[in-house]
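A, B, C, D, E and F label the chains in the order they appear, each numbered from 1.
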């Protein structure tokens, strides 16, 4: 019972793997992914601040730290499924919220329920912090897909994963996104790769959209 | 393209883990689970035959061999989610069917489409073979949960998994189910266990329902 | 005791790896392999039926479902060893049969001993079902070897494994084998590969024999 | 080059294991540990805020997000070694700082060097945020050790790890620490355990010091 | 070609697991086992020397360092199989020798063939060094089995493995064996254990034989 | 207590990984590495003997068998750190010796303390055996790095690891080193590789230094 129950549950996300079955060279746990998202988000926020933006750091910490906690309840539902129909997507989101809320109701002491509702809600919205989270989440998708492609995984889904994440990032109008696309991404594309897949070409096509 | 695409995809189910994050002592891939279900189903069918039932072996082979193939598309959606609402359950099932059908449309040569529609459909129905599949699937849940409990995993969900599977099995009126409950299950309950959980008691309570 | 003992033992085959030490990119358990063989066999049988053959589905199910169960007793004895001398091969087979029989004698209830003798016997014979099992078993060898080669494993043994399996398959005169060689295999050869090994060439040479 | 180099390096911490060789039941990567520390720190900070403290969330985010990044350079040096002599401890810390600084000098663009110096410095100091980080880091040690003990690991080092972490936490005078000791820890102690080790007794002794 | 081929092959023994399928808590590679045998053998030899025996250290090094190298060729053939019939056991040994010799013939330069024949031969004979190797090999079996039992594995085979190894050790009349039984083994028996199995009792029974 | 404690501890080195985080294709435990070093050292010593050198086999066995045992205490401290300053390197070595001695004092019976002090000391010195150990240790670094490069790992550190090990080996003036460089290494360079890295070139450059 209590917050202890929440802390104990974090361990599960060390054992839940993203995109099960797909990664051939290295799998990534939700815990590791979450940590990397916290990293990217911080750097993105730092870049925004450098350009004069005002970051609500408390909010950022709030929404990035546990952004995939819900996967403890709903598991890893593959993206194509989540997006196969708006109806299904909303229903899954409702169920996830319901389960998170139920967990909070059952285990979190009264005086912290509000804190946890805030922390475990879906943080991707139109605020600067929400957009940063969205970009950070997609950036990890780029890095994960790139690592597979670079090591020689020729499966189409990683090209798709890589490309779709780039396209999503590109459409979020932020200074930090510009920086990522102009300064960080080129270094990735310049990495040596075993793949016969032309990562440079895919990147350019995605960014042209 | 072609059936080759189907054969290549089987490898993914070797890497998709059941109930990700939950199993502490040993994880089970969908491929291994599927194989065990084929095993249990055969024995259940043999028992039914011994009692004078007529088994359509072709149908049984058909529905047991690829019964979880759909998880390649929808991933492992946790049971509590699938059953959280009838509406969601149906929607997920629709999506899964749609994706399976789409795969078959795209990859399976015309002359075998029918065969694959049959093979990859949901096989649990009210026929004897369909019920056998249902029991076999639940039996593996019993065995998986038992193995965790017996090794000392005290998490409530395994008690729940064990019990719910037994209850489901019990409600399927088959001679082979009687045999399982009267001859096979007692041997399981008599195994030595590290657990402080009283497996015997849980078993008896479940079967009393 | 009892059939429970058999069911509990299936878990071991989840942990026994094929060709231990050889696979660099991905290992395969005997359980996963067995499941894939059940898959291939079904499709081969479907193809045969389409060409007017009569399939004894009960027999097929019987011999494919537990075809490598004996590895629980004898472990994974490398092919070069098994085939190093006819005498050794026969002796190992005798020992395996003896151990399987001993297991059945000791654990399987009287009324099912016959069933299990049938189920756990060596199923590869000259019947259509026996040949299908032989082909299915070799097909998995092709797929396993191909996966390693395609990911860049340049070890000679995978070329040998790939080739020998193809040669064995080719010599089994079945319509489904023709289909495999003419319709399915080309798709494999056309897959992109990292390997400097000319898989196309190896394939053509093997099939020319 | 560039921040890309930093982002790419995060993947390594997914593969660096804490206390290598010691954990028998489950190993934890530095990445997963880091993520959990971010979690605990947030809750501790929330508790502090509830008691009227002022949290510099930007600072907290800063020091918790990459607090063990240095392990990429120095590896996992066992605690007994680090603390074997003050001289060695200081020297190791100097070396780590030197390597982190060198990395930043070499790879981070000029305009972000300052940000990264801040982010990758040692964050444990006497500020409220620094103490929260210290507590959060030790809390994960408690949770990691408890998980091993609870699953039956009787090795003395886990008792030591558990106890030392509790003692360290106890000596940090914070409201959130009181909350942890009074509200959260008891739930842990009340969990069922396989161990013959009296966790309750160890806990009480540690807290009495 | 050449000794390089031999050196490269050592890596395989890092991936070949002993008793595949049986170990539940921790598997052991042949490489790790081989290293531990080198360790035990040294200590046993040191004890013998202390009692005035003359150790041919070159011979000891020779026979302990690569004592299981043959498993690269024959794989891990389970003990019950190897011992099921004297005829089979001899045949397997012949095959193994044949394959080792073939490897040496094919790859080892002429001037070192003799060295490798010596190194890769079966070292267990009646010499003091040969007996030490036999004891060391069995000691690892004791340690491996004990580790599983101590962690709660209740499978009969580990009791059998533990006991048989002890009995074999006991029947080898060496001072170092006496030391092991009188000074080292009691410390093992005194370790805390989760098992309901009475290790002390099993030990005493085995030693009474 | 006693030598049992030492034997039990060997298991930890099966779980301590070399260069954690760096190896992408295959990790190596300290136990496996130790065993391979014993192998290489034997062959190097055989070569020396062939050239008329006198090998103290007891000493060789002594210093090669447990040469990395200290890693149980100090963990795997990355080379760049160990060599970052002579002062740190000496301090770490002092600490390691201290911990090894402490272990021996605490656990090894009086009559064997001397033996263990000899066995667990740093064996690399200017004696022929000490140099052989040095070469053998570096050879494994060559093989480990080569395996990663050959499989396509393009990370600079493996080029550095490969090259530095070769340079170190080259500077040790031994007949067996000449043999390694002239007869064994060329076979490695001639192996097929996926890497775009020119291993031949790197090798030639390293040996030219």
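What we mean here is this: a residue touches a chain if its C-beta (ideal position, glycine included) is under 8 Å from a C-beta of that chain, and two chains touch if they have at least 3 such contacts.
Owing to the predicted nature of the structure, the values given are computational and were not obtained by experimental measurement.
*Asks:* Does the chain A and chain F pair touch with the same residues on each side or with different residues, judged by whether over half of the numbers are shared?
*Replies:* The interface of chain A with chain F is built from mostly unshared positions.
*Asks:* Return the distance between the CA-based centres of chain A and chain E, expressed in whole Å.
*Replies:* Centre separation, chain A to chain E: 49 Å.
*Asks:* Between chain B and chain C, tell me the centre distance in angstrom, where each centre is the average of that chain's C-alpha atoms.
*Replies:* Their C-alpha centroids are separated by 24 Å.
*Asks:* Distance between chain C and chain E based on Cα centroids, please, to the nearest Å.
*Replies:* Centres of chain C and chain E (C-alpha means) sit 32 Å apart.
*Asks:* Just the number, please: Cα centre separation of chain A and chain C in whole Å.
*Replies:* 41
*Asks:* Two or more other chains in contact with one residue: find those residues in chain F.
*Replies:* 13-14, 26, 152, 191, 194
*Asks:* Dump the list of chain pairs that touch, please.
*Replies:* Here the touching chain pairs work out to A-B, A-C, A-D, A-F, B-C, B-D, B-E, C-E, C-F, D-E, D-F, E-F.
*Asks:* Over in the complex, which chain C residues touch chain E? Could you list them?
*Replies:* Touching chain E from chain C are residues 12-17, 20-22, 72-78, 80-81, 84-85, 87-88, 91-92, 95-96, 98-99.
*Asks:* Taking the complex as given, what residues does chain B use to touch chain D?
*Replies:* Residues 24, 152, 154, 194-196 of chain B touch chain D in their complex.
*Asks:* Show me the residue ranges of chain D that touch chain A in the complex, using the header's touch definition.
*Replies:* 1-8, 10-11, 13-14, 26, 28-29, 31-32, 34-36, 38-40, 42-43, 46-47, 50, 55, 57-58, 60-62, 65-66, 109, 111-112, 115, 119, 139, 143, 147, 183-185, 187-188
*Asks:* Which of the residues in chain A end up touching chain F in this complex?
*Replies:* Its residues touching chain F are 25-26, 151-152, 191-192, 194.
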